[in-house]
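To keep things simple, chains are lettered A, B and C as they appear, and every chain counts its residues starting from 1.
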Amino acid sequence: MAFAAFTTAEAQPQAPRKSSRIALLLLLPGILYLVLFFLTPLVSLLLTSLQAPLEYGDIGQYQYAFNWQNYVDVMTAYWPHILRSFGYALAATVFALLFSYPLAYFIGVTARRWPLLQSLMLVLVIAPFFISFLLRTLAWKQILSDESFVITSLKALSLLGPDAHFTGTPFAVIFGLTYNFIPFMTLPLYTTLERLDLRYLEAGSDLYANPFTVFRKITIPLSMPGIVAGTLLTFIPAAGDYVNASRDFLGGPDTQMMGNVIEANFLVLLNYPAAAALSIILMAAILVLVGVYVKRSGTEDLL
Amino acid sequence: MSGEVQAAAVLGGLAESEQSELAGRGPRAGGPVRSRRVGLGTWLLPAYTVIAFVFLLIPIVYTFVFSFNDSVKSNIAWRGFTFDKWLNVCNVEGGAVCEAFANSVIIGVVATIIATTLGTMIAIALVRYRFRARSVISLLLFLPMATPEVVLGAGLAAQFLAVGVPKDMTTIILAHTMFCISFVVVTVKARVASLDPALEEAGRDLYGSPSQVFWRVTFPLLTPGIIAAALLSFALSFDDFIITNFNSGSVSTFPKYVYISASRGIPAEANVIASAVFLFALVLVIGAQVSRAARAKRLAKLG
Amino acid sequence: MAVREFAERGADLELVGIQKRFPGFTAIQDLDLKIPAGSFFALLGPSGCGKTTTLRLVAGLEEPTQGRILIGGKDVTSTRSHERPVNTVFQSYALFPHMSIIENVAFGLKRRRIADPVGKAHEALRLVELDHLAQRRPQQLSGGQQQRVALARAIVNRPALLLLDEPLGALDLKLRRQMQLELKTIQEEVGLTFLHVTHDQEEAMTMADTVAVMNKGAIEQMGAPAQLYDLPRTVFVANFLGQSNLFSGEVVGSTDTAVSVDVGGTRLVVPKARAHRHNGAVTVGVRPEKVSLHIEAPAPSADRNVVGPGRVLDVSFSGVSTQYLVDVPGHGTVLVFAQNTGSGPSVGVGDEVWSSWLVEHGFGLDDGAVETDRFPADDSTTAIAAQRRDDLVAELGEG
């Protein structure tokens, strides 16, 4: 999916593929590993989500059961967090798209004449990844904290009220999410725009479309695969993120997302069933999205 | 989670497109060179791009600058410039920072080796061979990339818990390998798909046995893709926090250390390590791009 | 804006003093061109000669470094392409892949807010006999069908000037011939001005009312196809448009009506009316199909030029005619096309023959660079690298 959208090299026409036992040999170790450490844990998660507390047991001790009640409990207790997670993720995705599209357009279309510059600009886009993502987020926390230069100046200019905060608010969390996922949005957009045949734009102009119309009716539809890939790649991890919303980073007491709650339940409260149930809910929502995508584009394109 | 994958895929893809130019396939499709009318519109996009890059790089610069801060406990207020932290990186907190860093490196290396091996095998099988379970396997490989890290982390933790395995380095390595495999597959698959099958056919035509053809023709050609995948896998593992947090028990990794210290104050030494890693990675990537461009220029000048 | 209305008929095109420089090379040096309204005009030349650049300048996709462009008497040099009453049939067709055929064809009409765009689009598709495929996507059509859709998409807008950028290049021979006829018919029916850019001289001569031969950014000669063919002005035109036998020599005598040129000992006579130069070193020539072969030395005559004896090097049968290559010492090789009417001398390789032609068929050129090598020396790696670079530059600058 994402990756057909990524690779800039053209795939060669392959020779008719051979059906072979070698294929099995090659696939087996890796697939087995994934089954063991990916599928099975998901099943474990499902089972855990249905557990009930052990009678007379300590905190953290559970037994297997079919305690569907867990799901109800979790949804009643945490529905604000669930909605908030999807809401923040959606906002971050939209902002990331608005920010990244012009950037990707410049690198992929305007800068086509200078391939070395293109490579260097791409390096700059992914450069933030070379610094630990926790430190990046912390840097913003400090740059935008109440005592920082930025905030105090904005207050001095009366653009912000004297009691206003930035950190600890939903805006800060969305800001952090947007920032951290910009490269996820920019790169698929870049790959699609890089392959855009400019002759279509010329044809549009030849047929009396002004530059804005050309953009709206030709460039955007033709860059749709990149937009979809970028959106999925941003929204999915953003929905489950908890670092940005954590109190030690950009979040506050009212900005907790699903991820924070899952972490708290699992590692602190030792309420494994609750954590597992929430995870399954999150996973289910994501699978629905992926399902819609696969239905429209098939599985060949996934990888 | 991983814009790094896109990074490696795109950079790998960039390398390939440059190679195809070397092979004489000429400029990329996109029409003839157009000379644009110079007006206000022409400067808007480049100006936006510059601002966008500055924005992207702010936290990096911040982290880097604060690695020189003469801080005592928390690295928030600027106290003075010093090289001390760079020179005595491992002194602070009884070497906790360096220990965390070392753990991250070890985990990264081991997980990379396993994931790259397994992933490469799968990638080759997927591209070159025909088998019935293709769509199921594609889906299975795609899901770990689409699953939010909280879910992956919680799932594995639940599984380890259920089986009774204590959490330590081994569980971390197992976890990291799991999510790296998919990314390796995607990166190598892109590379395999862009290989000209005629090269292997030539190898067979010149009396090479299947295993000779593989080791002497296919594998060397795949190497850039495998290296890109390995680098990607290492980067993912090194920077991973969420999944590690769920599965590490008491073992400290660098991101985990940063997260835990966030509440009480991160020492400047963490900034030092992060900056060092950043510079190293940046030099590596830029060096690779520049040397490729130089090599391409040299080849074009021959004669 | 003139663009809102359909043109009633084609407009004329005028290029004045056009110069186009790209970073690193000059595509067009100094171009002056006038194309009358309603004509089918062909711009003919090899790759890299500047013809595609000229087309793009007229379409508004490029801006000239210097000079002016006038359409229908109006200066459009600074008008942008979406405001010019010009449409292009692109070499690659550039049909929008995300729209159906009918949406493609209606695109320009919708942008101009023309009433009933879909109805008119259907009409245009009927003109090219593709209306039954209106709902398909471009990827679902064959190359020839795509080409017709591209044509319909341009024509439906009734532009004052229709530009065709080597539109038939990707079609096979039979389809190409078919399309050539169709284009000519449509142009006559609709009455628009067509500017057709091509490197195929046969195509240019078949379709166009006027042909301009371009080389290295300048027009070498312009005129009706027959005129150009019968009386080429330069060596380039003589060799690019059809083939020629060229001979270089000094003018040694002249009368009221003709000049005599000494070529390696033989006297060749060319009428003054057909010679651009009347003294000094000149190059004269004759078309291969005007040359006859004789197995015996023909009697000298005032109205024929004779070259020979020579030996036949090669005989190539190509259906309609046979091509003979004769080696004449002192003159190089002479090319002769003989129509296979079944009569006339039939000669074989090695035979001794004389070649002759009517004086009034000869022509005298305005310049005189004659290539002596068949293949220029190109085996040094520097030359190869330089050639690759030039090709790349040409490709970048020219479609």
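Here is the rule we go by: a contact is a pair of C-beta atoms (placed from the backbone, for glycine too) under 8 Å apart; a residue touches a chain by one contact, two chains touch by 3 or more.
Bear in mind the structure is a predicted one, so any value in this text is a computation, not a measurement.
Colleague: Name the chain whose C-alpha centroid is farthest from the C-alpha centroid of chain A.
Modeller: For chain A, the chain whose C-alpha mean is farthest off is C.
Colleague: With contacts defined as at the top, give the pair, A-C or A-B, that has more of them.
Modeller: Output for the comparison: A-B.
Colleague: If you average the Cα atoms of chain A and of chain C to get two centres, how far apart are those centres in Å?
Modeller: 57
Colleague: CA centre of chain A versus CA centre of chain B: separation in Å?
Modeller: So the centroids are 17 Å from each other.
Colleague: Can you tell me which residues of chain A touch two or more of the remaining chains?
Modeller: Residue numbers touching two or more other chains: 197, 199, 202, 211.
Colleague: Give me the residue numbers in chain C that touch at least two other chains, ranges are fine.
Modeller: 61, 80 - these are the residues of chain C that touch more than one other chain.
Colleague: Which positions in chain B touch two or more other chains at once?
Modeller: 31, 33-34
Colleague: Contact residues on chain B for chain A in the complex?
Modeller: 1, 3-7, 9-14, 16-18, 20, 28-31, 33-34, 41, 45-46, 48-49, 52-53, 56-60, 62-63, 66, 76, 118-119, 121-122, 124-131, 134-135, 137-152, 154-159, 161-162, 174-175, 177-178, 181-182, 185-186, 189-190, 193-197, 201, 235, 239, 241-242, 245-246, 254-255, 258-259, 262-263, 266, 270-271, 274-275, 277-278, 281-282, 285-286, 289-290, 293
Colleague: Could you pull out which chain A residues touch chain C in their complex?
Modeller: Those residues of chain A that touch chain C are 197, 199-200, 202-211, 213-214, 217-218, 221-222, 224.
Colleague: Considering the complex alone, what residue numbers of chain C touch chain A?
Modeller: 3, 59-61, 80-83, 86-88, 90, 92, 94-98, 107-108, 111-112, 153, 157
Colleague: Spell out the part of chain A that touches chain B in their complex, as residue ranges.
Modeller: 1-3, 6-15, 17-20, 22-24, 26-27, 29-31, 33-35, 37-42, 44-45, 47-48, 99, 102-103, 105-107, 110, 112-113, 115-116, 118-140, 142-143, 145, 179, 181-184, 187-188, 190-191, 196-199, 202, 211, 232-233, 236-237, 239-243, 248-249, 258-259, 262-263, 266-267, 272, 275-276, 279-280, 282-283, 286, 290, 294, 299-300, 302-303
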